[in-house]
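Take a look at these structures.
Note that subunit A is present in both complexes that follow, paired respectively with subunit B and with subunit C.
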Partner chain A sequence: MTSQRTVAARKVLSSLFVGACALSVIVALVPLAFILFFVVSQGFQSLTLDFFLNDPRPVGEAGGGMRNAIVGTLMLTGLAATIAVPIGVLSGVYLSEYRGTRFASVVRFAADTLNGVPSIVIGVFAYGVAVLPFKHFSALAGGLALGIMMIPIIARTTEELLLLVPNALREGALALGATRARAVATVIVPAALPGIITGIVLALARVAGETAPLLFTSFNNRFFSSSFTEPISSVTVQLFTYAISPYEDWHRQAWAGALVLVTIVLVCSVAARLATARLTQLREQ
Partner chain B sequence: MDTLNPPLLSVPRPSTPAAPDLGRQLKIDVERLSFFYGAKRALEDISIRIQPNVVTAFIGPSGCGKSTFLRTLNRMNDIIAGARVEGQVLIDGHDIYGPGVDVVALRRKVGMVFQKSNPFPKSVFDNVAYGLRINRMVSSRSELAGRVEESLKQAAIWDEVKDRLQESALAMSGGQQQRLCIARTLAVRPDIILMDEPASALDPIATQRIEELIYNLKKTYTIVIVTHNMQQAARVSDHTAFFWLGRLVEYGRTETIFTAPSEKLTEDYLTGRFG
Partner chain C sequence: MRSRDLGFRLGVGLFAAALVLIVAAIGYELTRQSWLSIRQFGLDFWRTSTWDPVAGEFGALPFIWGTLYSSLLALAISTPVALGIAVFISELSPPRLRTPLIFITELLAAIPSIVYGLWGIFVLVPFVRLLETSMPDALREFPLLSGPPLGVGMLSAGLILAVMVVPFTSAVAREVLKTVPLAQREAAYALGATRFEAIRAAMFYARTGIVGAIMLGFGRALGETMAVTMVIGNNPQVAASLFAPQHTMSAVIANEFTEAADALYLAALVEIGLVLFIITLLVNGLSRGLIWTMGRQQPSRTAA
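Here is the complex of A and B:
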């Protein structure tokens, strides 16, 4: 009799717990669902071909787009990648090859700290080294700020993905007379390459959505510019400017810009998932 | 037969057991080798002499040190942090742990096949060509292709892969992958081939093919094979060494070890009393 009651009580408790877990998941997903819903529903109608092909028009004039900002974001992230990919990937190789050493733990700790530094602080740093000395804002300064943000992300993902490569492959290469450097360059890095590229793409997606470090580095530009030494527009800063403006037309463009950004991040994440899954398969073989 | 493998004398020294001394060129001559993982001694005072063109099997229970010992022969243990070697390993009369030894050249000469097949995630062709390319052992593309074909034929896998050389090596079966790894090892023309349980992950038919391969390869190479499978040791090897707790307990002709071992421990292991 008592034991039956205990079983019943246990079942109730169990369902309560599972219910609470399910509820938490839903609560956690609701904001994401709302963001996606609003961005898509609001942004989609403004997302015309003009949006991609035209520069901003003066207030009050209908139409116009974010061509200058889209080109600006591409230039800024391209520059950031140029700075961060070699440094990040090579650091990642060092971290995985010399993972037991003291210096590696210091580097790892530094990378994690840098990763946690608020992006606006990195912006201030870039302002100090790349804006103040030249006395004006530039795309270079913005790219530098984004590049600094990318380095730790790329270094740590590279390290983790290299560690996923089975040790047997390294031994196989060494046993054929490869030096350590050769084994890394010809077998280990190529085996992890899809994953490393994924990490780079994710880092790009992350910095493409950054606003704060650009506010006082690349600043903004109402006009089309392809110069690295001039201030340049970016989708995020443009979005910020438009969103806080009082004009209905600009609000619509801001939504469209948000949709473009969210789409970029989403596509990158999905691609990353697929590539990592392939690498995990390789490991399990 | 007897001129190749004369009866081995059993020397009554428990830690340095029977070693054949044939008055001819030894391929591998190990003198009082000890191996440490940090403070832990994994191998104790191993002495063994291995002649050219014979197959030597290392048997013993898990953790007895047979794989560790195999890996001291091409210095694969060097990559383990805190590993240390004492004693001497002479290959063709040269101490491989001596100063100024080129480990890369050593590993080219002493090839290794691993327990789990480990083809690189590259094409079949690139796998076999890998060692030739990194060591710059060929001067033309046609020479490279020739060496790849020759190696695949030696490893008895050419007929199965000749039409899919550009396909990924990972798409092949486990047994094929292992023979590909053997081909990859043969391509750099080693003298000695170390095999660390090469068939333990394979089905009986794939295992049989590997064993036939070993039999054919010993004409050209000196082979040392670690195996868990005593029947396999009996089938493929000329000499057998029995390891126990980091020591070499008994070493001699395979028939002798399997039919009339001189050590009680060997007999107990072979009859399944432990291990």
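Here is the complex of A and C:
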């Protein structure tokens, strides 16, 4: 069919296609620019020192903040990391050290499956195992939900980065008589450590922005709490409450919360990007 | 020394096994918690559309309808854009632009869902409402465009989901295009093909993987919760109109879970979660299978 078209027509069609592809890049950038613009411009107005230092105040009283929610998010992500880092990194070690085994492919499949499970479903699961038996919402349940989400991300990044470590290093350590455990702990993991830490930071940034799995695990708390067994506030759940509320002042605080979240995500992504760029540079030398 | 290596292998293997256990535990726990509802309603749960917790009537058809509708709508909007981006970055872009473009599209995936939702409520929904009110009346005759102009509804949900899905689809499509041998393109050019014809040949070569990339985006859209629940209107009805406020599976869990006072209500919500779990499992598994046949080893770790 194309052969029947004239060369000129084919060239025009081709240029149109190239133009359409370039256009789609712009189409995707427009919402990104819009979102960043609104978050920064709206959030910046409301981001005062009070926002970080005060707990929420009753509607109508000025000067309320998200101190409790910020502490809550830090505690929840800390808890998540405590659960996910050992399991994630060690599974990653297994996946790369025993990559050819059948069990490794089963684990890899499980990790990818878990990575695709909607976060709300993980929330339902955490509710079943960590809220129902104790009959109340708790920071622990929220941390568990976030931790489960982090595990597959950390496992797969760790695996990928360990595979990048030159085989000669591994063989050298083993040839010197090191056990597999020793080679991993003193040679292979240290060589990939900056990358693994980058992966952990990215996973943390991702779960810090999660809302759905926290709605009915850590729930929410209008008051400051630092207890693991009590319901606890988080920036995301607080943001949700404020966003769907009818109050102008709460909307402003929601935008400020969004700015804080986006800043964290941006800083982490840029840092990770720079770190991986340096890593690949080192490898190519 | 051998036995010590065995100990190490078992040790790290135990942690790896935890991953498999978690997935199994999720399936088991969701089934257990929803058993009451499964026993009581059977398949009728998915065929009826009355959702009346007070009367104890639970029909989940509107939710599965809303989830499929919003995800397919998002797919229809995002697929051309995502594929265009993938082609542009992997085939057309000047090499210097490539890394920044990849970074920027990854940022779209990194923005938290709740921030999309906040933006949706205060910027996108008013915009969509304006679009709906300024539409000529003659168009309102179409079932697809009928109903009052509320702003919140299927169209807003589809649009916001589309933006969220683009980075996933385009990242995988880009990787898939990378696996097309250079000789393919060279052969096309040697035969006098234009750029479009050469790229079309490459995309045809990579079609399995591209379908996989689109399905991966579909899987993401199915499970997305916060942004959707904030703009879709949360009204359980089976409606064809783009303007109608509707509901999704994930949104109903997010909204009603803490209110579910009696055991049957809770079980019904968990059953929705269980089915969402199974659907995403199937969609992601199928997508991974398709991408894997394209010869890639690690398809799922994209833009995560």
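Simple rule for what comes next: the second predicted complex is superposed on the first by the 270 of 285 C-alpha atoms of A that agree within 3 Å, B and C clash if a C-alpha of one lies under 4 Å from a C-alpha of the other, contacts with A are read in each partner's own complex, and residues count from 1 in each chain.
Throughout what follows, a residue touches a chain if its C-beta (ideal position, glycine included) is under 8 Å from a C-beta of that chain, and two chains touch if they have at least 3 such contacts.
None of the values given here were measured: they were computed from a predicted structure.
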Subunit C versus subunit B on the shared subunit A, clash or fit after superposition: fit
Subunit B versus subunit C as contact partner of A:Glu210, first or second or both or neither: second
First (subunit B), second (subunit C), both or neither touched by A:Leu169: first
Touching partner for A:Thr179 - first (subunit B), second (subunit C), both, neither: both
Touched partner set for A:Asn115, first subunit B, second subunit C, both or neither: second
Per-residue contact with subunit A, leading partner among subunit C and subunit B: C
Included angle at subunit A between vectors to subunit C and subunit B, based on C-alpha centres and rounded to the nearest 10 degrees: 110
Subunit B versus subunit C as contact partner of A:Trp250, first or second or both or neither: neither
Minimal inter-chain CA distance - subunit C and subunit B, angstrom: 7
Shared subunit A surface residues [contacts with subunit B and with subunit C]: 179
Contact footprint of subunit A on subunit B as seen in their complex: 74, 76, 79, 81, 104-105, 107-108, 111-112, 114, 116, 118-122, 130-131, 134-135, 170, 181, 184-185, 188
In the complex with subunit A, residue positions of subunit C that touch it: 1, 4-5, 7-9, 11-13, 15-20, 22-23, 25-26, 29-30, 32-33, 80-85, 87-89, 92, 101, 103-108, 110-119, 121-123, 163, 166, 170, 194-197, 199, 219-220, 222-226, 230, 250, 253-254, 257-258, 269-270, 273, 276-277, 280-281, 284-285, 288, 298-301, 304
Residues on subunit A engaged by subunit C in the complex (per definition of touch): 2, 10-11, 13-14, 16-18, 20-25, 27-29, 31-32, 34-35, 38-39, 42, 86-87, 90-91, 93-95, 97-98, 103-104, 106-107, 110-125, 127-129, 132, 148, 151-153, 155-157, 160, 179-181, 184, 202, 205-206, 208-212, 215-216, 219, 236, 239-240, 243-244, 251, 254-255, 258, 261-262, 265-266, 269, 273
Subunit B contact footprint on subunit A (complex, rising order): 100, 166, 168-179, 182, 186-187, 190-191, 282, 285
